[in-house]
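The structure appears below as structure tokens.
Think of it as A, B, C, D and E in the order they're written, each chain with its own count starting at 1.
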């Protein structure tokens, strides 16, 4: 019930918002997204009380003749992702309060649509439904980027759309292939359990093919080196709220997908190709980190840093052990929060100073100390300083990768150093030093402050006491590993 | 009381929070007082805990605060360990920390970032306490990174100055290099032992293969190299002098930089097992000691000299650790904390008096003007130079004695280091306090003794520097080495001296003689002959110039690492990413288009051509289907 | 009377006629000749159908030929109507002039 | 005669003439000539029909094709005044290509259609299937529906031709 | 069968409308007639699996009824759209009559049981379309379109007939069931020329559905014809042709698939590549849609290729036809309204989102459906194709289909981008007839509904 509500509510809210005029749309969207968060919290407590509660799942026929069902459930992994989504969307909406978008009803309606699709992706327990939501998530964000994006947006969002669509189609092929091998009393089925079984009944070479077919979709979404080149351009061009959606939540579709829709399906494929994929991920970590060092546009810098982070997450997931996957889950949460914080900072910089070009900024610390502190905390979360949310995940990730292969861990672990290099460089050049004459920076609006403060509190709170989420992640990981056996 | 160990870090945290959130609303004095009092409170609790521990038979007390990270078999509670080692370090940190807090109230009085300074300082103490209190490697790592952060914040305290910011960033990044090693070490420990809790790991240490232990020990030592500024990761420490002087005293001399020593002592089990690792530690230590000492000879910045001296002394401590003299190193940490804090604070007082001037070439003749500072500085210099009776003499001698037992070569290098130390310290002393005043008139007019809040800590530290040696009187004097005894429960290999009393006496006298000779030489040069350091680099001889320029290590690093990284970044971005990978992606796109443009030409509009193509299609189909 | 002639000959004859028609469609520019060549192709088919009809001793093949004739007539009617319209517009029925739609 | 029956002779001559005239249709420069050659080709084909005992069809063939359709062609040619020899020709390459591809098609078809020798028309039984009575029975019995529906076809062609033919009112 | 007769009668009634002056009512009569025709067709559903008429010349079995349904439904929407277009034109009755006759041919193609009816169906459908394509008399492009269509169509018919003749020569019958049984009795000893006949028929049918390399007519004819006639060609004609192919190659030649599958695979591959790559560089939306129709044809041919003779293949092709037809009606409806001033390029769509948000939204849905993105009908259509293909050895074709689909997304989105992103020359509201709006909106809604509940359609035509 709750699960269905989590999907349906944003959808209905989006419809309502579509037909609202003026800036009321924003307030309504804000209200609805908060309500959605409350619903997800209800789901959270329900899960804590009774993980098998019937409230957390639903399952009805959709296309019975093809074995397609509207089946969704909240397990530990999806709960975390849903919480992340419902937590970030209100922040993302709040972060837009200073902007005046034209046709706000469409803008906020699309955001809520996006939320619906994202929640759907995370809770779907039916392969087909998963795919439908997966594709569905692409459309609102495409329009958000296209209609409210920056320079050269049409070409860039185009590339993004076609690139990701291509990946998804490969995944569809892979999933259909699995579906074709399901056999539930003579019928085919899209249920996730049946797909797991079907996948494991395949031979090693078949599994390898399925592994790549499905992995490519996820790899493009995350993105993994060398399929990442759509990402920096798209992140830079998209409106900040779009970038936040893309990096904060949508990226997690890929990592989530690998955990839930790839690992348990193709153990043999993973055994054969896992190291290749981890290798690519690890290369991506270092590669993107090094590129980030010399970026001039702060938003682009964050974009590359995001590639680095997600590379580490992917490597951890593919290592497929308790620490790796759990660390990935924790890091997904942390990265979601941190990266939208950073993108919001970039947005504030642009609005206040008119530029995101790092060399032409400087000394903002002198003009607004509070902003500097908030910024610094987010930077620290991003470089995974202990007692910030980024640390738990990163430690577990490197740990997990180490258990897979010490060399990969040491290599990917370079992010610890390189991350500090580019983040501190960026921070220093923007905030510290004497004020450049061309730089003006006033007070933050109360909504901006609110967003940043909430993010900072989250960063520290879940760095110091990650237990509530960590327990869920631990259980979720155990469940996944159990299924892999 | 031990159960309340969590209070120790809690107080500074409280101070930090109060200053962070309300610092702007309360007066400067109140803010400084709160900061100091919280540290004092921790100090008092530390003393109580120390006493309790000393009295009790059980030497290891684990205090669980809350459950932190659980991941399958990896269980990491937020747990504190009270044992002789941590309880001793608690005393040093909170004790010296308190004094420096008090000193700072005076020193930072006119700074606009006054409350911010105390905020950071409290935070530092908090993390430092976490570092020593943690019952597992990860809590230590938390503190470890946390102090790194505070160090970053405090070095870059005057954030308008780009050079300072660069120094801060450098410190953080160099520390991070070490931290990665530390982190991997921790992970290897987990992989090997299935736990990272001190109590469990050290019990199981014997079960693992020596090669694994060596790997662990070396990885941990990489961490220590970063934090304790050993070769090759030492260059951040001299730059760290960009921070306010109390910071240099507290963080970059007395406490944080000794974290590496603490960690190696904590993990002494591993180093005792692995000879490779302990030899590495000894060699790196002595190399650093000697290397930094030579650089110290030619520096003119009062704080830089002290900084290189710190690096050098830390190297000496690692030498001690490497030769298995763990308690001696802790002893030296303690005395070093006293006299180096004293020296730094004294230097701060001098700088304060000189209105910010740090170049000793522009000082001179301050003896009469700032008496208390001068006398306490003298005491500190005597202590560090190993003049008998003062604290430095005993601790250094103990290390050298153990080194002699281990290897004569290392001992000799250690001796040379301590002679160099004595020389440059006296050079500093003579040039600063004696001779003619070489500064401007304005400075001369401005000269004044510092306020009580600054001089009282100086005096207390001076007393400690004198009597600190009592903590570890040589065993062969028959007095019983208290430090050795105290740390006994936490150290695996007993470093009982096998040297004969005669040898020990000889070594001691040799050391004293060497120190005396060097001091005399310094006196000859700087007092009698009034030699002044040259003002221009060109006047130096080539070998002097190399040392004067710190062996060009920074430049080499710049050339070998930073520049290539920047270049690589640009190559990766502009060539590999944009041109190659994205080029391929876009190329596919434009390939589709250009192929489309070619294919569309077939659509010529001419009906004859269409028909011909159709027939050709039929021909091909028949040919391929039936006439294979 | 027909004894001694293999169906193969009819097959070949029809094929040849069919191909001559096809070549005509390919090689000529005059639209009317194109139509005539198509008629030729249809007649080749007719001939073949009749031959097979005789082979199988089955009248339906010949009945089919009627339908083809009807269709051919209809096509020609419509085709010539279109042609005359084109001629009205561009005063020519040259296929090479009908190349406005391309690419 | 030379071992061939008269039927075979007739077949040979008719086939030769049909192919010759067909080629002339394609190669004549003057469209009127083409039409006339086409009519001759149709006569040859009608001859084949007779040879095959399809008498009724032969008659209808001449009536419909030679009598009606070809006259229509001639009308149009005259209407458009196209009876000249200077009709624009395709360039030689296009023709060559057309010829080569035609040749190729012939080649592969001959290849593909070989091996049908055993299907000699020996089962020839009733010589009267091609008679109008027989055909009528089949047409109105089995093929009633197609026969009826052809009316729709013709109607459509009629309407279409008229629609295109009549002048725009505007 | 009654449906077929009703539509024929409607055609004649339409002709009479001119004479008896009830042109105004004609649309209503036609719409009611179509509903009636479909109702009559559906009645036959009740009576059994397969009803044959006229000595097995024609049979309205379930697939036939399903395809007829699609054709009639499309026709229903088409007439509403077209009424407005032909209203000023005095020829409205002729046009309606011709279209209705073409529909008769299309219905025959869904239900033929004999080569005669197949051939006549194709011709009855095609000849009116030749005329309609050329129906803009003063426009040389339209003339050219009609002419090209006619010449190439007749040429293809000649191949079809040659094929039929060869098959008749081997099997001695025009009846597809007899041909089927002939194939099974002969086993592997089929004469070679029979196979040539099959291939010739395949070539001709590929021509009709405009698969490469027999597709050349399609872009030119689509572009030259009046927009609504193009809509007709890409919906009804395609559906009917696929119904015919389905019956021909799954029923009649299902057992000699060795002969034609490899050819078909090649044709599909070539179509996918040529269609998508060429569509990507088009500047005219109409031409782009023409190429896109080639690519959709390739997708539907894949189902034939999969040739599993299971319900899923039939389902798949029916569903695909429906999804494609409905999506095309929306797309052409919008295109027709947007390009009234004659500019058919992408620029014509610039700023449409401002000029008419409703039209832009519907067009977006149509484009997404054609691109095969959930939750539209087009997605399920693609999904069915993939599902049927995955069990075949032609996996490389599947990968090719995926790759070219991505290219497809590219050019469909170009329209969307033009509508939402580009600034148009005009900013005033686009005048659109209410009837057109209704058709466009309804078809767009159907597209989404089909995407949400694909079961509906397959349950409806439970085989």
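The definition used in the following text is that contacts are C-beta pairs under 8 Å (C-beta built on N, C-alpha and C of every residue); 3 or more make two chains touch, one makes a residue touch a chain.
Because the structure is predicted, anything quoted here is derived from the model rather than measured.
J.: Expressed in steps between touching chains, what is the minimal separation of chain A and chain D?
T.: Minimum number of steps from chain A to chain D: 2.
J.: Which chains lie in contact with each of chain A and chain B?
T.: Touches both chain A and chain B: E.
J.: So which chain ends up closest to the centre of the protein, judged by Cα positions averaged per chain?
T.: Answer by centroid distance: A.
J.: Compared with chain D, which chain's mean CA position is the farthest off?
T.: B
J.: By number of C-beta pairs in contact, which chain pair leads?
T.: Top of the contact-pair ranking: C-D.
J.: Just how far, in Å, is the C-alpha centre of chain E from the one of chain B?
T.: Whole-Å distance between the two chain centres: 78.
J.: Per the centroid of Cα atoms for each chain, what is the distance between chain D and chain E, given in Å?
T.: Result: the chain centres lie 32 Å from each other.
J.: Rounded to the nearest whole Å, what is the centre-to-centre distance of chain B and chain D, using the mean of the C-alpha atoms as each centre?
T.: 102
J.: Find the geometric centre of each of chain C and chain E from their Cα atoms only, then give the gap between the two centres in Å, rounded to an integer.
T.: 26
J.: Specify, in ascending order, the residues of chain C that touch 2 or more different other chains.
T.: 7, 11, 21-22, 25-29, 34-35, 51, 55-56, 58, 60, 63, 67, 71, 74-75, 78, 81-83, 85, 96, 98, 100-102
J.: At which residue positions does chain D touch at least two other chains?
T.: If we look for residues of chain D contacting two or more partner chains, we find 90, 94, 97-98, 101-102, 105, 109, 112-113, 116, 119, 142-143, 146, 150, 153, 156-157, 160-161, 164.
J.: Name the residues of chain B that each touch 2 or more other chains.
T.: 589, 600, 603, 605, 607-609, 611-612, 615-616, 618, 622, 626
J.: Taking all chains into account, which pairs touch?
T.: Inter-chain contacts occur between A-B, A-E, B-C, B-D, B-E, C-D, C-E, D-E.
J.: Please name which positions on chain C make contact with chain D in the complex.
T.: 1-13, 15-17, 19-24, 26-30, 32-33, 35-37, 39-40, 43, 46-47, 50-51, 53-60, 62-63, 65-67, 69-78, 80-85, 87, 93-94, 96
J.: Which residues, counting only chain E, touch chain C once they are in their complex?
T.: Residues 115-116, 119-120, 123, 127, 130-131, 134, 137-138, 140-141, 143-148, 150-151, 154-155, 157-158, 161-162, 164-166, 168-169, 172-174, 193, 219-221, 223-224 of chain E touch chain C in their complex.
J.: Mind listing the chain C positions that touch chain B in their complex?
T.: Within the complex, chain C touches chain B at residues 22, 25-29, 34, 95-96, 98-103.
J.: Please output the residues of chain B touching chain E within their complex, sorted ascending.
T.: Listed in rising order, the residues of chain B that touch chain E are 589, 592-593, 595-597, 599-600, 602-603, 605, 607, 609-611, 613-614, 616-618, 621-622, 624-626.
J.: In the complex formed with chain E, which residues of chain C make contact?
T.: My answer: residues 7, 11, 14, 18, 21-22, 25, 31, 34-35, 38, 41-42, 44-45, 48-49, 51-52, 55-56, 58, 60-61, 63-64, 67-68, 71, 74-75, 78-79, 81-83, 85-86, 89-90, 98, 100-102.
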